[in-house]
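Both of the next two complexes hold chain A, though its partner changes from chain B to chain C.
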Partner chain A sequence: MLTLLAILVDGLVYASWLFIVAVGLSLIFGVMKILNVAHGSLYAFGAYAAATLIGAYFNAGWAPLGSFAVMLLAAVAVGAILGLALERGLLRFMYGRDEVIIVLVTYAAFLILEDSILLIWGTNPYFAFQPYALLGNASVGRLAFANYDLSMIGLSVVTGVLLWWALTHTRQGKLLQAVIHDREMAQALGINVTRVFTATFVLGAMLGALGGAVTAPQISVTPGIGVEVIVVAFAVVVIGGMGSIPGAAIGALIVGLIRAATVHLFPQVELFVIYAVMSLVLAFRPAGLFGRAAARKI
Partner chain B sequence: MAIDRFGVQLGLAFVVLAAAGFLLPAWAVFLLTLSLAKGLVVLGLLILWRTGLVPFGQALYFGAGAYAVGLLVLLTGLRDIVVLTLAAILIPMLLAWLVGLLLCRYRDIFFAMLSMAFSMILYGILVKTEALGSTDGFNVAPPTFLGFAPSGETMRVSIYLWVALLSLAAAYGVHRYLSSALGQLASAIRDNEIRVEYLGVSVQRVILIKAIIAAGLAGAGGAVTAFAVGHIDPDAMTYWTVSGEFVFITILSGTGSIFAPFVGSLLFELIRSFAIQYAPHFWQMVLGVSLLLIILFLPNGLWSVFTRLRKRG
Partner chain C sequence: MTHSIRQTIATPSTHARRRSTLSIVIGLLLALAFATPVAAQQTMKIGVVSFLSGPAAFFGVPGRNGAEVVIEGINNGTLPAPYNTKGIAGATIEAVYVDETGSTTKLVEDFRNLVQRQNVDAVIGYIGSGSCLAVAPVAEELKMLTVFHICGTPRIFEEKDYKYVFRTSSHSTMDNVAAAHYVAKIVPNAATYSHINQNYAWGQDSWRDFKLAMDHLMPNAKLSSEQWPKLFAGQYSSEISVLLVSNSDVIHSSLWDGDLDSFVFQSGARGLTKSSRLVLTTAEANMYRLGAKMPDGVIIGARGPYGVLARDTELNRWFQQKYFDRFGSPAIYPAYMVAQSFLGLKLAYEKTAQKLGGKMPTREQVIPNFEHLTFEAFGTEVKMALGKGHQAITETAYGQYKFDKSTGTASITNVERFAAECVNPPEGVKADDWVKGGLKGAKCN
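After this line comes the complex of A and B, so read on.
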């Protein structure tokens, strides 16, 4: 019973993290049909920026609770700067080329950004545990959970709901949906697709950086933390269906719970169970749970 | 069969490679061994690339080949390089057939990223298997050559000659395959899959065969790397960044010629050894920038420079 509760809570916490990281990837793919391999680097940049800013914030001795705003600020800044630089400075010259070539371009961006992190922050680990310690622990039955971890669940729900609301209830969101469904028709109707692309990419980049920023207090921020993220996020997005936001949520829940279960019950298979689930889903639904099969062009 | 131009080129290549094995210093022979091993893998990528598919997870078969060798040496005490290489080719081929049943339904980025995800399954298993040293990997005992057990310098040259022989055999085999009807379907599938199907060809089956051949080549490359380095571990063999390197070399060399992958991987290994020595923190940045430059200015790879020069001259 205790194990079950632990699995449930750990699974939800992990799923929340996955959702925040994966939803940006899915959004960018849905709108732009670009699979952004550099998403992992945005995550890493977010984590480093947050760790640095949190360190500076606590050294300055301001009210500790403000550090959460600092994390958000780090994510928004990193997403805005790098997102704009990547989309305006690089990707826009590639539109119209083969989708696979664009993946390779983002892979090149990933390689460059990975070494930029080493150049800026060096190889030493960064710690930003203060916000984590600040919130203390909660006990559920005989189990203790860090409140910070639990607050991740809240954050992911808020992020998801905000995104859903923005996409379905605002003018900009509706324009975005039009572009998702048919890029050419949207352009013909007078939607500024270029601007939609830039906005989407920056938003997706911010979400990736947010994932890193909120993770920074939980881990020691070291080089290479972004490398694994991209593959896991991709698995989540594929399970749910590329480009679908509810899909990303369901994918994150499935992967999160299953991984938590294996960590508690069969720790040996922890790393590969994610991909095993992905293969299983794809064997029966090639386009993912929420994806629509694309029509083949003759 | 009459000896054609390609046969002459192959013969010349072997003479040059063999001479290099005896004349060059030890570090250069080692570097050549590794780059030929990578060249084998990239040759497999070339086959798929011509069909319009980018396998971003070829480290799966590279690693499977290396671990097949390592495990056979460890468990059965088998040491013969011919038998071990053969196993390292066949086991990844079998794996590719299994994975391919699922993977060959996909195209474009899905093919690329799903092959990456599959390679991460192997990585995940290996990292968590403590019996195989998890992230540390384990050492591979030196091989024997049909009973002949060299040591030191002779060993290094023997492994090198073996990989040179393998590479040329592979180059010849792939050349024959690409000139066959089955091989020439590659660009047809790339151009328009559905029309090819209307001609009565099962595209899925053609792609599956290509994936299986590519896996065999990658397995051979992994086996040679395991012999030459004498050590295997998951990070250097199966992590997705290893697959990224293979993709990089394919773009660098271009898919215009059978020899391009070998030239490309030699260039890659050379740049890498110097970059790691002089600027270890910039290595990935150098890779990324050159990848961008090649995509922008040389979309058909370095080999296209040769062809262009030859046309002009």
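After this line comes the complex of A and C, so read on.
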């Protein structure tokens, strides 16, 4: 019984983290048809910026609860600066080119940003454990869960609901959906697609940075943390269907729960379970669970 | 302006005087040069390879720092005896630092570049076991004297004999066999044990050695749970839940760098360290930066008697002081392992040079004197006892972490030392066979 509860909670916690990390990647692909490999770097920049700001915040001796706002601020700042720089400074020159070329460009951006991290923060790790310790534990028998981990579930729900509301209930969201459905038609109808692209990329970048910022208190922030993230985020997005936000949520839930069950019951296969699920889904639904097979325009 | 006019109107006799002065100076310099012993003028170019970027820079950068300290000491002749002569057999070391990060193909290319373009005299390096396995055959092919410093796999000299390749630190079997000895001594009543090790060669080998040693040393203790997170996972929420449910007395782990920090944070916050005793085979490298975040009582190793577990000798005090003065932090075990490889090379060269009457030896002449060499290093005595004299064994030590909150200092208590012959396989026996066979031939106190 305790194991079952642990699988459920661990699965939800991991799924929540996956959703926060993957949803920005999915959003950018959905609107812009760009597989943004640099998303891993945005995550890493978010983590480093949050760790640095949290450290400075606690050193200043301000109210500990304010550190959560600092994390959010770090994510917004990193997303806005790097998102704008990447989209306006690099990607806009690539629109209309082959998707593979754009993937290579984002990969190059990823490599540049990874080295920039080394230049800015060096090789030493950064710790921002204070917010993690601040929230304490919740215990069920022998099993204790960190409340910070549990709060990830709430954050992912809030993020998902806000995104859904913004996409379906605001004018900007509806314009964005129009671009997702048919870029050329949207442009013909007078929608400023370039502006939609910039806004989407910055929002996606902020979500990637948010993933890093909220993870920073759980981990040792070291060089290379963005590499692992892009791989799992990509797997989740593929399972859910490239560009689908409900798909990212369901993909994250499936991966989170199956991974937790594997860790508890068959730990030896944990390494490849995510990819096994991805292969299985692609074998039956090549466009992912929520992906729509696109008609080819001639 | 005035000065330049004066120069242009200098008389022919002035030129002649200058020429003769110049000739005298050149003559004097030449005379001085020939008066100096030939060996003292030479430079010994050494390729120094370690991870300088990426996650493993955590080991590579302190390793390079250790190299810088020992190279300066050797070149200036300021090391304590018996290393207090300048240079290596009189030759000044010129280091060429290379980043180990990259694919195996890149590593081999870099190695060839060091040998064939940079014309190095020796290569000291390699942290990754895969790096050592890839470079060893190339070193042999190019006949380049190569000293491995940190990589841990026992396979190198067990699978093949090498003439030009040496390793001056013990392989990883020692770390885990000694960890099992320490657990048997400190937690003799442990009924259950679990592990969390990364699912790749390092984690798998570490766990296999620990498990097999436990089977022999604590046959009544039962394995409770196995956890195999991937390398650089960072998030251990599910694994910690399993370990909490398993309620094991002892948890073994060879996690390193950021993964280890993250596991210590997360398990500490969830109370795992209160119910189970953690055995962390590489945690000496993390302890200073973790400070109060590492719980007291955690069993800590340093992959040998290095860093805080080093013996208190003049050499060790010199190294720690110089390292701290230069980098502002204590030297951790990768720094020791890299630095001691320089000592081995220096001693082997000088022993050979002495036999040749002070002449700088060739690589081929040095090799027989490097084989089976025993030398005092910064942490302990190193014996080139395995792999036909190419693989070192050392004693090792484990202890328990203690953090003094009033002074903010981290230290180790209850240190136990294990003789080299107790925790390393005998010559000619593969590490795998040795642990499987119940550690036969081990000479423990």
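As a working rule, the second predicted complex is superposed on the first by the 293 of 298 C-alpha atoms of A that agree within 3 Å, B and C clash if a C-alpha of one lies under 4 Å from a C-alpha of the other, contacts with A are read in each partner's own complex, and residues count from 1 in each chain.
Definition applied: a residue touches a chain if its C-beta (ideal position, glycine included) is under 8 Å from a C-beta of that chain, and two chains touch if they have at least 3 such contacts.
This structure is a prediction, so every number in the text was calculated from the model and none was measured.
K.L.:
Kindly say whether there is room for both chain B and chain C on chain A in the superposition, answering fit or clash.
P.N.:
Here the two partners, once superposed via chain A, clash with each other.
K.L.:
Regarding the shared-chain residue A:Ser279, is it in contact with chain B (first), chain C (second), both, or neither?
P.N.:
So A:Ser279 only meets chain B here.
K.L.:
Using the touch definition from the top, say if A:Val227 reaches chain B (first), chain C (second), both or neither.
P.N.:
both
K.L.:
Just checking: does A:Leu271 make contact with chain B only, chain C only, both, or neither of them? Give me first, second, both or neither.
P.N.:
After superposing on A, A:Leu271 lies in contact with both chain B and chain C.
K.L.:
Just chain B (first), just chain C (second), both, or neither: which does A:Ala188 touch?
P.N.:
After superposition on chain A, A:Ala188 lies in contact with neither partner.
K.L.:
Contact-wise, after the overlay, does A:Tyr107 reach chain B, chain C, both or neither (first, second, both, neither)?
P.N.:
first
K.L.:
After the superposition on A, what does A:Leu118 contact: first (chain B), second (chain C), both or neither?
P.N.:
both
K.L.:
Which of the two partners, first being chain B and second being chain C, lies in contact with A:Ala60: first, second, both, or neither?
P.N.:
neither
K.L.:
Just name the clashing stretch of chain B against chain C, choosing from 76-84, 94-102, 112-120 or 130-138.
P.N.:
130-138
K.L.:
In the superposed arrangement, what residues of chain A touch both chain B and chain C?
P.N.:
The answer is residues 115, 118, 227, 267-268, 270-271 of chain A.
K.L.:
Looking at the complex, which residues from chain A come into contact with chain B?
P.N.:
Going through chain A, the ones touching chain B are 35, 90, 93, 99-101, 103-105, 107-112, 114-116, 118-119, 227, 231, 234-235, 238, 267-276, 278-279, 282-283, 286, 296-298.
K.L.:
In the complex, go through chain B and note every residue touching chain A.
P.N.:
52, 54, 56, 102, 105-106, 108-110, 112-114, 116-118, 120-125, 127-129, 192-195, 240-241, 244, 247, 251, 281-285, 287-289, 291-292, 295-296
K.L.:
What part of chain C is in contact with chain A in the complex they form?
P.N.:
52-55, 57-58, 61, 199, 225-230, 232-235, 237-239, 241-242, 244-245, 247, 257-262, 265-266, 269-271, 275, 289, 293
K.L.:
For the complex, give me every residue of chain A touching chain C.
P.N.:
So the residues of chain A touching chain C come out as 2-3, 6, 9-11, 13-14, 17, 115, 118, 123-125, 127, 129, 132-133, 137, 142-146, 148-149, 215, 218-225, 227-228, 259-260, 263-264, 267-268, 270-271.
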